[in-house]
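The two complexes that follow have subunit A in common; it is paired with subunit B in the first and with subunit C in the second.
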Partner chain A sequence: MDKKISVKVCLGTTCFVMGSANLQELIDTVPAKYGDKVDVSGVPCLGLCSIDWEFSKAPYVKVDDEVIKEATVEKVLKAIDEKLK
Partner chain B sequence: MFIDIDCSQMKKYNQNAYGDYFVSKRYPDEARLVAVLSDGLGSGIKANILSCMTATMLLQFISNDQIPIRQAAEIVMNSLPVCKVRHISYSTFSAIDCYDDGNAKIVEEGNPEFIWIRDGEVMTPPYETIQSKTFKNRRMKVYKIKLKLGDRLIFCSDGVTQSGLGGGRLKLGLRREGLIVLLKDKLAENPEVSSSEFANYIVNQARNIETDRKPKDDISACVLYFREPREALIFTGPPFHQQKDKEYAQMFQNFKGKKAICGGTTANLISRELSIPIRMDSTISVGKLPAISYMDGVDLVTEGILTLTKTLEYLENGTLDIDNAAGKLVKFLLDSDCIHFMVGAKLNQAHYDPALPIEIEIRKNIIKKMANVLQDKYFKKVDVQYM
Partner chain C sequence: MVMNAPRQTSHLKREILIRLIKAFYTDDFGENARLIPYQMRPKDFEAPYRCCVYKERAILRDRTIAGLGLSIEETDDSIHMAELAKKVLEREKPEENPLTVLQTACKGCVPSRIYVTDLCQGCVARPCVNTCKFGAISVKNGKSVIDPDKCKNCGMCAQVCPYQAITKIIVPCESACPVGAIAKDENGHAKIDFDKCISCGKCVSACPFGAVHEKSQIIDVLKTIKAGKKVIAMVAPAMFGQLPCSPKQLKEAIQKLGFADVYEVAQGADVTTKNEAKEFEERLLKGAEFMTTSCCAGYNELVDKHIPELKPFRSDTRTPLYYTAEIVKKEHPDAVTVFFSPCVAKRREALKDDNVDYVLNYEEVGAWLIAMNIKVEDCGESSFKTEASAEGRNYAVTGGVAKAVKTLVPEEIPVYPVMIDGLNKQSIRDLKKYAKNGECELGNLIEVMACTGGCLGGNANVNAYKPALKQLTNYVKESKSIKETEEAGEKA
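The block that comes next holds the complex of A and B.
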């Protein structure tokens, strides 16, 4: 596979207080597990909570184009595994 | 011109209150600054009360514009009570009323004469003496001067000029002459020194020449520095009307000075309108706040409300050396003289979901409080524009 998978962790206010602060370990564990096949970074805001505010499922993480709601480290790793299959 | 003003103080040895009192107020609309330094008789709580009353009353008189500085000072001089024990007046004071164009009026009663330094030389301005009608031993000096870019004014209490008095090396204390030597040396070494550093330097030097480094009197130094303003802009929150995004982004781009963006959505907006890509730091959070990101041409990019709330807390508590996004924003603010806020009025409903584990403040309120702290505690010139 040539193309890198991109993982974007939303660090906007809502996501941060709803738990993206706890996703820091992705920055360390993902490169250790997948090498350079996956690229993890924070983004200032994915803009998802303001669209979906009534049913906000923050924190949001984007794995390529797939939005992961109420993201946890496990959910994100699972999504990466799916993509790499 | 911007007037960089700060005061540094030290208590008399073994006292738990300052006997000198400094107050200052900036009037951005009038491009004006009023400051008063008062030295209360004696030391400790008693002196603190006397000097505090004198300084705040004078400031109040002058700043409400009801009474010109000269008359205000005269009233205070004529009405200050006399100490029963020492038979001298309860407090002494220096007051300055100055404008950004360099025009300044200064009155002094009892305090050491102020020092005016231009291009490394001490100026000797003319003054008028006003004798008190009620007390023979009281007279005040009134100065009307015109300041230029780069000028400095130094006011101090007699704790500075009399430091070292009776000690080994300086039997008569530092005196005005000794102080001038110190000031000139410091300026030769660092011509651009900020008022806050300069005031700290004076106070520390005065303490150092006291026997055993124990101040025998309260020591205060107030410094004014007339210089080019350092401008800064903080853009936070998306504009209420989305169709105006471009216009405001352009204003942000055209601003001359340092720039900061506080807010994820806001950063995205500027990035989109001005086609500047955003790069994130390689961490997610530092010190319980989201990490900063980077954009070319922008000096600081942070998350919004959480960082602003923390920044306000640091500014209020005087915690100035923290290595996280809020700490960086504090440094950004304090390194500037004139701070403009562009505050977007659009709210993100998701922030007010009761399910959120912490309460999120309304942006406008935080900025209002921050503007007040910056103005009152750090003597910055602040203006806020809502969009």
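The block that comes next holds the complex of A and C.
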């Protein structure tokens, strides 16, 4: 079987305040949509926000090794769809 | 309506606050505040929202002005940012009206009107023409045309069109305002009529351009802490659903920001519950048909400004914030108090309460934590000196206040709670009707929340509604009932 796609939603303080609070729904909706093809979880700070002034690009989500800046539900779903192609 | 929906405008507002706080801690606050728009929109940067970086910078400057707690409308464009920053550092008290409109951002929004779309088939039945009471619709070149001079915006034609070809173009802020306090002026700029405004914050949430800003008091608070004063935070219960940490971690995080101590406003809510239960009993024994709660600042302003006939039915008990601030100032007469609020309405209440010095909303607190690089999830735990009850902590949720009061009303007095879950034109009509008839057919204890969902639905929340509710509910579940704490208090 193919390797599962891993989706990590950063729930550290910076990402949470800058919008990942609204990405928590992915933790419910992604398994419902993709079944066991995708592993999704909320994770502690990925450390991406503290590099220089990069808090302004939060919230961050990692889809496998790809970092999504200013993540939205739509951007994350699109990235998953690309990987599944 | 989706509560606490994700908004790009919130991201912008929060980013500005973070940069402003960082600027405050540098050697040259004024200059670094001036640079904010340039850092956010550097040269050669492609303007993401508007025509060019120059316009975006101008708008970001206005947003920074709101972050400084100044009125955007009254601030002259030509004044140097350093001068404004200086003025703010010298300010003794926050400005009175808590909201300000970024007029350059709201120009693009067309005035509210009825509009016939291309879907019009020019049908034979012409229900639009026949329904219009004002003779405003005629058919020209096979399409319905509305005469703007005759149209009264009633929307009847849109309701009867079999093709759904007629639509009402709305202005989101006007449509969200339950009391008609915001409207476009002759220049197409939204303007708030503060004689009517009840500070409910619905326009702040509704505007897709993020044009309505709260005037922040963050700089006032930073200045007070920097001056070495003893500053105490009073945290409304909704806050415990907002950040990815436990309540005790949150307390520690707030202390790291420089606060001497943190009180739960739920502690004051317990006083409200006791007084309101007693008052309810007395009122009903005297023959009253119903009583409304009085803890929501938006509702209180609504009654004072728009439904004075409801005053005799509104509880005289003070708000949780009032009692909490009273306790804090009694225990620490030398302290400066800061209320952490989920909404803009509490800013008005605080202005009238000498025991509350400043108000910060949850967005501002979140921005401050980011600016100081404090990760709440890594903080240790710090206990509250006085633990509030489960009922007090549940005040932030629709139904929570009525439930708390019911817990303490003696059994022989029947309590039938009615929930007004969010103020809108319909619920305001209902409230007026109860006042006029002197009774409410649905029950005898009316709990009014200006925001849908309660304080967790307030305009300045950070977390999405559902996870916030889950987090707060877990906290409530692990707390003692007010009945237990009451009995313990009596024994002691």
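Keep in mind that, in the parts below, the second predicted complex is superposed on the first by the 81 of 85 C-alpha atoms of A that agree within 3 Å, B and C clash if a C-alpha of one lies under 4 Å from a C-alpha of the other, contacts with A are read in each partner's own complex, and residues count from 1 in each chain.
Convention: contacts are C-beta pairs under 8 Å (C-beta built on N, C-alpha and C of every residue); 3 or more make two chains touch, one makes a residue touch a chain.
Keep in mind that this is a model prediction, so the values were computed, not measured.
Of the two partner chains placed by the overlay, only subunit C lies in contact with A:72; subunit B stays clear of it.
When the shared chain is aligned, subunit B and subunit C each come close enough to touch A:44.
Within the superposed three-chain model, A:21 lies in touch with subunit B and with subunit C [touch as defined at top]. After overlaying the two complexes on the shared chain, residue contacts for A:13 are found with subunit B and with subunit C alike.
When the two complexes are overlaid, the chain among subunit B and subunit C that reaches more residues of subunit A is B. Shared contact residues of subunit A, touching subunit B in one structure and subunit C in the other: 11-14, 16-18, 21, 24, 44-45, 49-50, 53, 56. The touching residues of subunit B, counted against subunit A in their complex, run 263-265, 267-268, 278, 280-285, 288, 290-291, 293, 301, 303-306, 348-351, 353, 355-358, 360. By the touch rule above, subunit A contacts subunit B in their complex via residues 9-14, 16-18, 20-21, 23-24, 26-27, 41-45, 47, 49-50, 52-54, 56, 58. Partner subunit C is touched in their complex by these residues of subunit A: 11-14, 16-19, 21-22, 24-25, 44-45, 49-50, 53, 55-56, 70, 72-73. Chain contact summary for the complex, subunit C toward subunit A: residues 4-6, 10-11, 14-15, 18, 39-40, 243-245, 363, 366-367, 369-370, 373-377, 462-464, 466-468.
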